[in-house]
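Okay, structure first, notes after.
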Amino acid sequence: MSTNTALPDVLDDSDVSRRDRLREQHGAKAPLLALAGGVLLLVSGLLSWSYDDRILGDISIRFYPAGIQIYAMVLGLVAVVLGVLLRRRPGWLNPGRGLAAVGWGSLVFVVVALVTIARQAGGSININEGGWVALVGALLVFAAGFVAQRFELNVRTWPRLPGWAEILVIVVLMAVLLFTTAYTLGLDDSWTFVCLLVTLLSVAIALVGSGFGEYVGFVGGNNRRVLLLAAFLVAFLFPFTQDGSDANMSIATQILIFAATALGLNIVVGLAGLLDLGYIAFLGTGAYVGAMLSQSTFATIGWKPPFLVVMLCGMAVASTFGLIIGSPTLRVSGDYLAIVTLGFGEIFRLAMFNLDGTNGPDLTNGPNGIPAIPDLNFFGWDFGKVHTVAGIPLGRFSNYYFLLLLLIAFVILVFSRLNDSRIGRGWVAIREDERAAEAMGVNVFGLKLLAFAIGAALAGLAGTIKAHQDTSVTPDQYIFLESAFLLAAVVLGGMGTVAGVLVGATILKLLPEKLRDAADYRLLLFGLLLVIMMRFRPEGLVASKRRQLEFHEDDEELVQLAQTEHLEEAK
Amino acid sequence: MELAQQLVNGLTLGSLYALIAVGYTVVYGIIQLINFAHGEIFMVGAFGALSTALLFFRSYVDEGQVLPFWALPVLILGAVAASVAIAVLMERIAYRPLRNAPRLAPLITAIGISVFLQEAVRLLYGKIPGFPDAKQKVPFPKIAVVSGDAWTPFGLTIQRSTIFTVGALVICAAGLFYFVSRTKTGRAMQAVSQDPDTARLMGINVDRIIVVAFVIGATLAAIAGIAQGLQVTNVNFKMGFLAGLKAFTAAVLGGIGNVWGAVLGGLTLGIVEALAIGFIPGTFGGSSWKDVWAFAILILVLVFRPQGLLGAKVVDRA
Amino acid sequence: MPQRSVVAVGASLLVASLALTGCGTRGGDDGGDTGGGSGDSKVAKIGVIAPLSGDLAALGKGIEHSVDLAIKQANESNAIPGWKLELAAEDDQATPDVGKNAATKLASDKEVVGVVGTLNSSVAQSVQPVLAAANITQVSPANTNPSLTQGADFATAPKRAYPTYFRTCTTDSIQGPFAARYLFEKAGIKEVATVHDKKTYGQGLVDAFTKEYTKLGGKVVSAQTINPDDDKYDAVISKIKPSNPKAVYYGGEFPQAGPFSQQMKAAGLNVPLMGGDGIFSGEYVKLAGSTATGDLATSVGAPTDQLESAKSFVSAYDAAKYSEPYEAYGAYAYDAANAIINALKTSLKDADSAEAARQATVQAMSSVSFDGVTGKVAFDEYGDTTSRVLTVYQVKDGAWAPVNTEEFK
Amino acid sequence: MTVTDPAPAAHEIGDRVVLEAANVTMRFGGLTAVGDVSMRVHDGEIVGLIGPNGAGKTTFFNCLTGMYIPTEGRVTLAGEQLPPKPLKVVRAGMARTFQNIRLFGNMTALENVMVGRYCRTSSMALTSVLRGPKFRREESATRERAQELLDYVGLGKSTELLARNLPYGDQRRLEIARALATDPQILLLDEPTAGMNPKETEETMHLIFKIRDSGLAVVVIEHDMRFIFNLCDRVLCLVRGSVLVEGTPGEVQSDPRVIEAYIGGDDADEEEDA
Amino acid sequence: MSDILEVKDLVVSYGKIKAVKGISFTVGEGEVVSLIGTNGAGKTTTLRTISGLLRPTSGSIRFRGQDLTKVAPHDIVSLGLAHSPEGRRIFPKLSVEENLMLGAFSRKDKGIRADLDAAFELFPILQERRAQPAGTFSGGEQQMLAMGRAMMSKPQLLMLDEPSMGLSPLMMKRIMTTVTTLQEQGTTILLVEQNAQAALKRATKGYVLEVGTIVLSGTGSELLASDDVRKAYLGED
């Protein structure tokens, strides 16, 4: 008989992968590689990339960086900074992971840029020295990222700055965000846009991966209100960066409406776990209510109340529909619920399509919809007119943008406060285990209905504004694909989170607008994107803590802690 | 008389739904996956048949002639090959890695695949040399015996394509019945649907059985694709969406996971639609409301019988 | 650190050498980019809003190319001295939302003075207010919904909806009655069934047709609708067949009409199908197959190969070697662009900038009048075309052949 | 044969009948899962339910907790007839745990217990969004009470761990804490020690005693004879849906009918298996 | 006695969490080997890894000298290794006979009928109800079916995971008696049990698992006599 002593060998890793060995052997060279690559990228920004001055902006000139030359320099700068940091090995950063992101990003960026130049100018002969220098730089940074060693983050050593400094960090960050957004949206050329996107994405991943992100989160956590305020201030200031142009504002308003609706859906899907495939119908309900009660000469109802009343009506009607659709959930669950909601969504669209007087009462003008909905007018502030504030003209869509900003603030408030309350806990409990929730005294039926009603009300509210903003309402705006897009926004961004849904909605609405060169292929790419996302990051871009744990069993530290305790108890 | 006529119409429509619905139900029964992209498998089947006709019967097609009857089995083979290939690829590349993912992930993937396949056919089909542009409807060739003038026994109009569709359903259903209940693989399928892990312990290759399920679904969908092509004399890249949606509805109506439920659900749905067009009086009748009635029936059935007409207990994986 | 100094030396050498080889300043937006030519000319843009991707891209591309052709010809002939015209095409994906974005983008571009578009009436509804707010002239080659020009109560109390909106195509309220008269008077058919797809175009067509047809004394024996998403029309055909119509009047477009005709005849209902310009397309004949022979369609204007102006358009279009054909609405788009160009001849003459000329362009539109590809181009007080020449075509030997051209009164 | 340890410390069994099941019958189609079962539970009393598999113990449990509506008979809690809805049953003061643990796996231990407080709190959507003083008071009271209960069952340190990452025994205890959060008068435990080692089983026994001593009535289903006979004041043995024997642990374990139908023959060879 | 199964340094992880942390044990021809331990000790994980349902992070599993770690689960069955899973897991909608025949799925020889009769002989109640859907059975009957089904593959090694779980004491005894019977008929058995007493009494060899590690091993009677075992697993002070 033998007794083995059991030691919790949690850190013992007998299977070191080849990559780990590589890192051990060559890790020391990473800082140098990064520095060299970074400097090359910086230099490349000063060089000419192309003989042709019509490609990707104008990048044929030396010592006067523009467009993608600047992006290359930004990437180079980040690589240099991370390289220096890697050498110093601060405990509160993990520059290795950051370098990996910058490496990948630079490589993709340079390759996209060079291929574009070659393709548009007709051959790689048109690439100037800058492009090649950048390619070498990117390869070096990539190699650096590949071999750089990773460190464990030690969050406790984060330097705690004085309050004003932390606020300054937030303000600077937000200013950068504002500038970048304005700049990004100002781009017209699809491929420059792609290059910028790659740059931004890799810089963002680098910052998050190397621990800056967590640091910002930490600072933000210390100053929650400031962060929120700053975020809204940035959003508020955005129209002022547009110099009177309404083109981007038009897209921005659509993003906001889409995001507000998606947040409503997030209550139903993300919190209560009820899969709704017909959600666009609630936005449609709101829009139709808004249209029918508007001043439009096509409106089918004589009553024309002030807009505040219309908003309330939109919410009320939508949430009533929500209750009607929600009530079968008492009996139907899981995948069956999905098809019921899908059915209701189709019924809504078909009903709007048909209620034109020939098939049923005349409510919606059928497929023609209700056009010519006039602009809103709040106490003399005509949303259709250009108003000049601080010397900057703000057009029609800017006006709606401000209104929608209020709307989304309201939606976020409702979402996050409900999430963190008795109601929210009830929803999550239902999502986790409906029967157990019921047995614990959670009013399952009531809460499910509430989720549908509140989600629908928020979408309905957004709809009433959408009707005026779009100036017309037609049934073909509310097809199943739109519901799928909403669901995709929620899932791509990250279920159950606010930030995720905002990101998801922005991506889904912005990309097709900016990638007009690939317009015909945008749905194809969208389909592919969905498949790839689900394969590699099913929890979405911004995962809520809870969801992340659900998708990837990463809770190692805690579990080990628990197991060790358990082991001790058993002894 | 009109009732009988509309019943015939409903039966035709229903048989088509049923053929597609079986694919949803078989796959769901095994891995509880709503394969939203199954409608596209049906569409690919139709295009597979069209491609076969273009490749092997080019001269007939170009001159607008009717294909000989013996072309039918060749077209069926072509359609099945295309559908099965896409279905198996889809399972292998997109679904298999998600086998243990939460429910929403495969659903979103399925929507993604659905959009992708539609767009791929729309954009790329015409780029294949010799094939027509598929951005709009493409005429489907006619085949002797199963295309042509309708039969009119007792004043009824029965299209030849109707006979093909209903006949295909009967043959496929009988074959499926024999396969599931009499063969070893069929029994293994039942085992996998009840408990995949334990089925593995019995020596059943679960991955293979799942592929078999996709193959069965794709085969029936491909035949449905031909039936649709014969009935409406054209195919288009969007045809899978609505048909798929209806077939999925039919599968749920019958009780998803149950093969006979899918057949029953499909027939019910088809007949409800036809009767709604023909017999609901007043302004809420006619073809513009038929889909509303179809969905309304579905919701009613689910509210009073949540597991569908023939379904077993609801599997709730929410 | 030897390595570091090597890098430093290398980098400085590189920088120094480049400093010698290349230097210069980045040109601004207004400098030398135009690549020579008439450097002093001002630019005015004509926009296009049409579906350049998606299902209807073929039609949209046809519109875009036709407008491009008109602009090129105007520039070549130096139609507006001192000004160079440019094309600014935007995709609306046949979706109101996207169309609105496109319109906003064009409206923000100070050089845009006029827009040709849209294809779809539903998109027009969301584009109209945006362009109207910016005083940009909009000429649609394809919108047929009467309410776009004459307001919600177009039948009873017509009222101009947007002063900036015009169109070169006729409305449903002319095509429908024209078809009704042909069927009743020329073809001698007294009993028809009507079918439409409930869309703005189809329903409008059938409504106008029915009104005229019953006024003439004809009988509509069955009135049905189909769902444009459907592929199969058995049930609807079963409802029509017992009423024994002598023809079927179809309001809608060829993707549904073709299969409808085919299925109708397969089910033993062997009567001609008639439709509007929505089915006047080669695709219709392909989809309807051999049994389509005898089917009828109306279309606006005289047949293109009978008009001198049309012939030159066709040959110029072919010569320009566009990748897509001009399709159903190319000719109207060409006329629409020329209408704007004609108006610009007046409005741009003394204008300082394109933006300043917007209002004047809108005003000049009302006096535009010239012989276009589709007939005489001029606009009435609502912005509708004054041209009322229409043609009936019939399928013969697998192609459309004109049978009757007439002015509608 | 006897497996009873020395009797636990004497305690008071109240006079009040907390739970009474009268002639409860439950049929599924033709199958009678529970037939005419009656049971009374007093304040501070622990009643055990034993019986072979398929004897209807869990079905009976579900009848008590409102998951099933009994075909015949009625269940009263403190004199009030129970409405057959789990929600209302919980409100009336009955809480339960599950045979196969059903925690909210992706919520923390604390959140799990806070869900248990759901039926004793009242803030609704509007108040949750407005966050008045009343809401804040209720929220912090809920949090405090939940933490208190976690401490009570010995999980005070695991507050922020996700429930599914807790060790098995802790999950069972968390389920009990969650049930206690509903302020029950009676606690129903379905196989609370399944899968536990003897040490954990014993800890659970002491936890149940502690709960009993605070005045609650407890009903336990178990297969572990040692556990049940040591724990309970009274034991019901169900066989084929009806009560075979009811009595003190001593009476039940020596009843020949129970031995024959459930515990098994007294042959020495197999004795120690139980 | 030659070793039919040899597990060496087996590590199994769920994601990054190690459930089994490097255990080694052997099963000899004709033996009954018991793995005991509490829930979460890694017993079931070990069995599932042996039968291929889980893939080990490292370590080796040799069955008659052949490494199983790269063999697909359905092929492992035909090598002669049967696994009756925890919770019985019979196919509820299939009849008893169909369940048993699925047990013989991987076999292609002619002896299946005879083995079916042998299973019925071992559990006569199954023969009585051969056409009934298995889902209508009680726990004990299902356990018999599960064991019978596992025997249908004619295994050289039978792995039983918690056969007594959730069973009444009476039924538990019956099942345990069957284990003895099977051993006497010459089947090698790897038995995973929480009921340490019953499992160790029949075991030729036993291993005690705690949190993924083997902490004790020895013959069944040695372990039964061990103070540690008596304290921790038999509830004796």
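List of remarks:
Letters A, B, C, D and E name the chains as they come in the text, with residue numbers starting at 1 for each one.
What we mean here is this: a residue touches a chain if its C-beta (ideal position, glycine included) is under 8 Å from a C-beta of that chain, and two chains touch if they have at least 3 such contacts.
According to UniProt, the chain labels map to these proteins: A = Branched-chain amino acid ABC transporter permease; C = Branched-chain amino acid ABC transporter substrate-binding protein; E = ABC transporter ATP-binding protein.
Because the structure is predicted, anything quoted here is derived from the model rather than measured.
Number of steps on the shortest path from chain C to chain D, with steps defined by chain touch: 2. Chain-level centrality, scored on Cα centres against the all-protein Cα centre, points to A.
Work out the mean CA point of chain A and of chain B, and you get 36 Å between them.
Here the spacing of chain A and chain D, counted between their Cα centres, is 46 Å. Taking each chain's centre as the average of its CA atoms, chain B and chain D sit 50 Å apart.
Among all residues of chain E, those that touch two or more other chains are 38, 40, 232. Residues of chain D in contact with at least two other chains: 167, 169, 197, 199.
Shared interface positions of chain A, i.e. residues touching 2 or more other chains, are given as 353-354, 358-359, 520, 550, 555, 559, 563, 566, 570.
Contact residues on chain A toward chain B in their complex (touch as defined above): 269, 273-275, 328, 331-340, 342-344, 346-347, 350-351, 353-354, 358-361, 431, 434, 480-481, 484, 487-488, 491, 495, 520-521, 523-524, 526-531, 533-535, 538, 550-551.
The touching residues of chain E, when paired with chain D in their complex, are 38-40, 138-140, 165-173, 176-177, 194-195, 197-198, 201, 231-236.
Within the complex, the chain C residues that touch chain B are 55, 57-58, 198, 224-227, 229-236, 238-239, 241-242, 255, 258-259, 262-263, 266-268, 283, 286-287, 289-290, 398. Taken in their complex, chain E has these residues touching chain B: 51-53, 72-75, 77-78, 82-85, 89-94, 98, 101-103, 105-106, 149-150, 153. Interface of chain B with chain E (complex): residues 184, 187-188, 190-191, 194-195, 197-206, 312.
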